[in-house]
Amino acid sequence: MIIQIKSPDQSGIIARYTTLLFNNNANILGLEQHVEDDKKLFYMRIRVDLDSLKISQESLKEKLENLSKELGASIRIFNASSALKVAVFATKEQSPVYDLLMNYRSGDLPCEIVCIVSNHNYMKDVAEDFNIPYHHIPITKANKLEQEKKTLELLNSYNVELVVLARYMQILSKGFVELYDERIINIHHGFLPAFKGQKPYHQAWERGVKMIGATAHYVTEDLDEGPIIEQDVISVNHQHSAKEMVKAGRDIERRVLTSAVKAHLERRIILHGKRTIIFHP
Amino acid sequence: MIIQIKSPDQSGIIARYTTLLFNNNANILGLEQHVEDDKKLFYMRIRVDLDSLKISQESLKEKLENLSKELGASIRIFNASSALKVAVFATKEQSPVYDLLMNYRSGDLPCEIVCIVSNHNYMKDVAEDFNIPYHHIPITKANKLEQEKKTLELLNSYNVELVVLARYMQILSKGFVELYDERIINIHHGFLPAFKGQKPYHQAWERGVKMIGATAHYVTEDLDEGPIIEQDVISVNHQHSAKEMVKAGRDIERRVLTSAVKAHLERRIILHGKRTIIFHP
Amino acid sequence: MIIQIKSPDQSGIIARYTTLLFNNNANILGLEQHVEDDKKLFYMRIRVDLDSLKISQESLKEKLENLSKELGASIRIFNASSALKVAVFATKEQSPVYDLLMNYRSGDLPCEIVCIVSNHNYMKDVAEDFNIPYHHIPITKANKLEQEKKTLELLNSYNVELVVLARYMQILSKGFVELYDERIINIHHGFLPAFKGQKPYHQAWERGVKMIGATAHYVTEDLDEGPIIEQDVISVNHQHSAKEMVKAGRDIERRVLTSAVKAHLERRIILHGKRTIIFHP
Amino acid sequence: MIIQIKSPDQSGIIARYTTLLFNNNANILGLEQHVEDDKKLFYMRIRVDLDSLKISQESLKEKLENLSKELGASIRIFNASSALKVAVFATKEQSPVYDLLMNYRSGDLPCEIVCIVSNHNYMKDVAEDFNIPYHHIPITKANKLEQEKKTLELLNSYNVELVVLARYMQILSKGFVELYDERIINIHHGFLPAFKGQKPYHQAWERGVKMIGATAHYVTEDLDEGPIIEQDVISVNHQHSAKEMVKAGRDIERRVLTSAVKAHLERRIILHGKRTIIFHP
């Protein structure tokens, strides 16, 4: 069981939750906490082993929820063993999709990748290689809304709980984003907040930067403005054309995206406004 | 107050310590724990604010010690506001000494640097720049033991609690090391366990490595075998001569040493055999 | 055309080669040189465009060889457009194999991967995904020599020019290594020269290092002692078990291996004793 | 002697310059070239040893200039042994100033630091430590123009050839910048083009980035828009307050600035519009 707490900062929070768990034979495997000073908010994540639990899981949840009410805290309780259902959206770029699938196959991504969705057919072979259902939903200006509706029905039919945009080059509508609030992760191939929007590597080349980056973030209504989960960079120099930057960037894009998805799946992320608190593995 | 706990792993450790603190109005500012699976040992560090403490500090300490006895745990309690007395040992290389002194002057190293000790006179000006007492204790093969005795008396007179070897090129005797067990930090200019001993950059050049490193570690009887606190590397290529590697390495040496010293001063390090557990700032 | 020169250092080397090329309308696309001071050896790599060449390629080669003879230099001339034939050897670990294949498919590795060889069957599906012939050559203590002979025949039948050991866990015989001298690249999952041999991550964990690394190198008779082509590291901490280090290391292993293979294929590597000179892309 | 060439790309450039040097017994120590494809411009830097030169340096220069005229190239010839005169401008932040001075003292910065200029008195002790003349030129809104005039006279009296803004918090006038075109280097404590202007760390904290950076660039009329020379980043997380980011950033600021100044002093930088070509050491 994984427990996420968000509470007004006050004395005794750790003592009270851990005592409640201890008294009911729920064994703490790991605990991490953080205080955001600007708003005096306390955040905590607890991983719990329930093998020796002496009450029912439901009773434990109820007790945890009652304590949270008392403290004015909000609590989220996750079943550590239930794998989230994930849909991967892609267009042309195979590298981040492969990386997700390989980590999935080797057991490093605790989820179930239920489908790959694409507006093109480039990823069909990859999906077949890994035995993942593939859905080709081509998009034109004319049919965009209709196709998005179809996509949402598809996600619904799979009970998708996380959408991963693995270099999916379409912008999702406001409605879509709201439906999957805090549940869409995008990889932007630039070091946000620099180089928002289209062709970030070309922007970077024009500006003559000496490092290029990639940013994984939650998708919000404002493009490339969502809370950042992970970033990384690599050095480039005058010998890199914009095209070579594209190639050089592939490696960090896939790494940053896979790592961000893993943090989400392991329930290690809590949002604090536009900022993310990422607890350790 | 900073509390370090080392205990056989068992249920309820976090609950019991945090409840004890809570019940006495000691406010937890931060808590971090870790379990070493190989030996089923539990480690924890708690930072506590005592402003509203409703018993005496002595009483609190006694209660904490009693609880530790009950759990079979060992506990170390540090006064967060008392700055450790530090002696810096140096020879020729000014860069790591400057870095320590600058971070000290800007308030980023919570300690009192009581003296600089050197077997040469290269660092005298630096010491004067920063108004630190300077002790020149030249060493020859003939007078080595005698001079070490003199050095120990000096450290004693300053009540030194941490010795930092900032590229001090002399090997300390077994007796010295035992007296300051877990209280001597050395910077080795190589990526341990590779390139132990003399002239690590020259060894690295001979072997044709593509990265060179620096390692800060506690000093034990076996040279360069002590528990590692921090490491870092930088890339080099065929254009670097051994001499250029020496120059390139200076930046990581000072950074790694200062960072390791800071972790020690902030009581963030616990030893687990030959390994170090480094809690976050 | 790519030209590699190794010459005793002397005046006029650059002038004489570039003038020879210029006089025959061979256009220089890139030139990089390096002097190893210890042995006063001059190294140079020139990329040449032959579109406007006014003599035959054979004549140009002859002239270049004659000049080299005159200077006491050795010269190697490569046809830039001819892709090397590569065999990939693997065992269980899929990640570095995938990385090679993906970069191959996207056109970033200028070679022809002619086969995958393995002593197990774990990689069969991967080979099929990418339409690469797969050869399962199981090895026991009893049949090792016999199977190696079979392997060599296989490489011969494919005219293999480079063998890439992508986490191939068998040690090649002295005879094999001599046959493919300077043409076998291995990825070692440790930061050489530290942690040679078996289970480097476990060795690293035992020693308590704070960074783990990967090293791509040419294979020589002495295991893990061959010239290093590329290295990289990532940070680890006390929370990483040896098993988690294995996982964390996968990303750098594949990156380092693919990058080293690319450097070889682009004829950017020249050996200087045990050291490698790696020219820029 | 160091030679920088900028020429329309054409056949034979390398051959003709290197032959000219060879024919006059000027020995090439290093040569690096680069072609910017977008504008078909060829760049080259040659380091030359003149010990055996059989004509006068003036004659060699004339020949090189004549050849450049013929090719339509521009050429800059520098005396490798003449150290540039450098003025360091600073305000409060001591770290980048110390780093410059320490590298200067150890001989790693081939220049003469002729003075430190500041609008405050924080750096006076540092200047004294290193025996560098210190000029306190306080600036208010009212006296800004007047004081800048005074500053320019000062630079003039020292024959300053490079101005280094080591966290100097004043904006220079258009006139000042034009006078020292391509000869003012600034360190910006943010990863440009993100976080321009004031308080970049606070901007970074607000946006919730996971890495913070520093950028050394030539100063042009548009603030923070000048050609980038060097950049670096470090990782941060939710535990870093804006204030802690400031501290964490110090290390990369000084490193990036010193490295950029070194590249300038070694004549390794050529501007291509808004981009910089940085040749290797």
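Quick notes on this structure:
For reference, chains read A, B, C and D in written order, and residue numbers begin at 1 within each chain.
We take it that a residue touches a chain if its C-beta (ideal position, glycine included) is under 8 Å from a C-beta of that chain, and two chains touch if they have at least 3 such contacts.
Predicted model only: the values in this text are computed from it and were never measured.
Chains that count as touching both chain B and chain C, per the definition above, are A, D. Look at the CA centroids: the one farthest from the centroid of chain A belongs to D.
Counting C-beta pairs in contact, the pair that comes out ahead of the other among B-D and A-D is A-D. Taking the mean of the C-alpha atoms as each chain's centre, chain B and chain D sit 37 Å apart.
Rounded to whole angstrom units, the spacing between the C-alpha centres of chain A and chain D is 41. For chain C, the set of residues that touch two or more other chains comprises 239.
On the side of chain C, the complex with chain D involves touching residues 11-12, 14-16, 18-19, 21-23, 25, 27-33, 35.
For chain B in complex with chain C, the residues that touch the partner chain are 34, 36-37, 191-195, 206-211, 213, 227-233, 237-239, 241, 272, 274-278. Listing the residues of chain A that touch chain C in their complex gives 94-95, 98, 102, 105-106, 108, 125, 129, 239, 244, 247, 251, 255, 280-281.
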